[in-house]
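Chain nomenclature is as follows: A, B, C, D, E and F, assigned in order of appearance, with residue numbering initiated at 1 for each chain independently.
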Amino acid sequence: MALVPVLTDEQAGPEASAVFDDIRASRNTDYINNIWRALANDPKQLKLTWEQVKTVMSQGALDPLTKGLIYIAVSAANGCGYCLHTHAASARAKGMTPEMFAELMQVVVLASQTNRIAIGLQVEVDERYKESPR
Amino acid sequence: MALVPVLTDEQAGPEASAVFDDIRASRNTDYINNIWRALANDPKQLKLTWEQVKTVMSQGALDPLTKGLIYIAVSAANGCGYCLHTHAASARAKGMTPEMFAELMQVVVLASQTNRIAIGLQVEVDERYKESPR
Amino acid sequence: MALVPVLTDEQAGPEASAVFDDIRASRNTDYINNIWRALANDPKQLKLTWEQVKTVMSQGALDPLTKGLIYIAVSAANGCGYCLHTHAASARAKGMTPEMFAELMQVVVLASQTNRIAIGLQVEVDERYKESPR
Amino acid sequence: MALVPVLTDEQAGPEASAVFDDIRASRNTDYINNIWRALANDPKQLKLTWEQVKTVMSQGALDPLTKGLIYIAVSAANGCGYCLHTHAASARAKGMTPEMFAELMQVVVLASQTNRIAIGLQVEVDERYKESPR
Amino acid sequence: MALVPVLTDEQAGPEASAVFDDIRASRNTDYINNIWRALANDPKQLKLTWEQVKTVMSQGALDPLTKGLIYIAVSAANGCGYCLHTHAASARAKGMTPEMFAELMQVVVLASQTNRIAIGLQVEVDERYKESPR
Amino acid sequence: MALVPVLTDEQAGPEASAVFDDIRASRNTDYINNIWRALANDPKQLKLTWEQVKTVMSQGALDPLTKGLIYIAVSAANGCGYCLHTHAASARAKGMTPEMFAELMQVVVLASQTNRIAIGLQVEVDERYKESPR
């Protein structure tokens, strides 16, 4: 069980309920994920987090599916089972195919191993990569 | 300094030299990154790692730039400074613009915070996300 | 299930039993947490760990509740579900209110995101912060 | 060097400059840390991050010094050298004594070891801690 | 549930089935672990991973049991519950005694605490350890 | 620079000096590593940590070199550059050959990739591995 109550619609206060309404409208679904119901105990944090999710994950220089893939990769690296389950479902809804998911995991695995060997051997950054780009 | 010698072309044995040649040909550059020169102390591991990099990072269901972005995201999550420097350069060469890099980091930051709150509150996976997709 | 048996009072040897007795006396409870029962397979490690917990978490320049909050924050960062559950309960017993827990998580989330961006962008330490304090 | 330019006052655009002004006014200093100058390449992210820092780290149910200690603890767990240097300085300015810093690190170390043993032995959460508090 | 189907022998394609056969022959068992059945959705990755496991974990300058202990230590540090369960069983089959497992965990715990204090205090590498060995 | 002063022999108090003496006698060297000089600001923690290092790393069911290899593996997983440099030197002094170091890193890399895929795919522990051994 979560360390805080996972609030029902009835238990959520007006500030949290307003966020729930916006989630429902934005995602065109009636279902509210447990993470939002847990965050509803701290309505300000709930609102701030939801606003960031809406802004960051929307179309920009990167498209929403690419952002979804990146989100999954970070969640795998951080070991967040909750996030992996919910965002894999979300990415599939945005068009992630089994082939794309397999390649995503291949890159995660490759990076995990090369990250670890570069750290494990304490390899120094090559001079040519030390300059900031203009 | 690295924990193993960063081998020069002269110090690298024939097996490692063959990999260096392939890196030069594949990347159309004469420069060999320090990570490969460090791995050259274990030529089998060098060859295996390079083969994986070539295979995994090439065009597939995901394009090479998207894979490069995912690689950077994982490296940020794993805290590999070496990998961040080299793969940011590589992704820029593949077309990553400053806007794309900024959005990539926004997603990394967002995932890091939502990963942490889901873990910190020990939120349980919603029943509907527990089923494996067919 | 744990990777080692979670020893009952009957299964614990004399050295482990003595630690159990001290835990019971110190905490004014009859209940022994699973972590201690798992550590009881290595009585020396059990005793050492319990001594450290008693010493470190007691009143000093920082009060026990503040130490409890810091402990929870590290457990969230390290992704230890077991530790989060037990230490959230312990901190509540020491006076942690829901408001305090919410703010604790806000700081954990903020640090997680700024840590990640400082690492992700490989920002260098400002000259003025490089000096050790006297 | 950072992966993005660390912008001078002259290079920062109007949106970033406004944030710099607010940092200077709020902190009563003329100095702007490198992290803000790096974030200035993405003025929206700069503004959002700074707003969060201001809000989260201010007085609430927890006082600013306690929040500063928690921030340092998370930065140690996440391995962010930049954050450790800047926030140790900031916490000292808020009243963190060497004794407090030593005890903070003792708790970080204790949590790191007990987190690791609970994870390493895969200890299961005791039934009594599985219930969410009301 | 896993994020991909855990394939039965009937669902696995010919490439994955060939790997299953090799696992059965090499390990002298009929049982195939869930991780291989999950990887079977990406047969190339399955084959590559299994080949690496076979090569890396076999006798070399280090014996298979020592390698198994190192594998468990890394899995504890990375927080992989799945890997801890399966590799603890595998190491026991190779001769790991309860005493060896207890000492392995003692080293993991010691490293976790000294790693954390060295990082938390940002201790600089002594000049004498900066030179690469020849 | 470290976040605390790295104390010279002259600056260290009597309690810390006694530990320095024991380190010198136990290791048959006059040199004291920076980590001990940093910990000398908190003499109790210095003494406790050194006692643990002496006890845990000595001969037991596992030999000191095997323990040294495990320590390096955990330090690579935790990304502690300081620890990697000092413990690689220490393991070489105990007999770690370049071949052993190469194989150690191969296991670290293999575990990092299989840990990540097991976590990334959220593979469930097989029923047969869920039972604690007696």
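Points worth noting:
One rule holds for everything that comes next: a contact is a pair of C-beta atoms (placed from the backbone, for glycine too) under 8 Å apart; a residue touches a chain by one contact, two chains touch by 3 or more.
Being a predicted model, the structure only gives us computed values, none of them experimental.
Each chain's centre was taken as the mean of its CA atoms, and the one lying most distant from chain C is B. Centroid distances built from C-alpha atoms place A farthest away from chain F. The mean-CA centres of chain B and chain E are about 21 angstrom from one another, to the nearest whole unit. A straight line joining the Cα centres of chain D and chain E is 34 Å long.
Residues of chain A found to touch two or more other chains are 1-4, 6, 45, 52, 76-81, 84-85, 88, 102, 105-106, 108-110, 112-113, 115-117, 119-122, 130, 133. The part of chain B that touches chain D in the complex is made up of residues 79, 84-85, 88, 98, 101-102, 105-106, 109.
Only residues 1-6, 48, 52, 130-134 of chain D touch chain A when the two sit together in their complex. Remark: chain A residues 72, 76-77, 79, 81, 84-85, 105, 108-110, 112-113, 115-117, 119-122 touch chain F in the complex. Note for the complex: chain E touches chain F at residues 1-4, 6, 31, 33-35, 38-39, 45, 49, 52-53, 56-57, 60-62, 66-67, 69-71, 73-83, 85-86, 88-89, 92, 97, 99-100, 102-104, 106-108, 110-126, 128-130, 133. On the chain D side of its complex with chain B, the touching residues are 3-4, 41-42, 45, 78-80.
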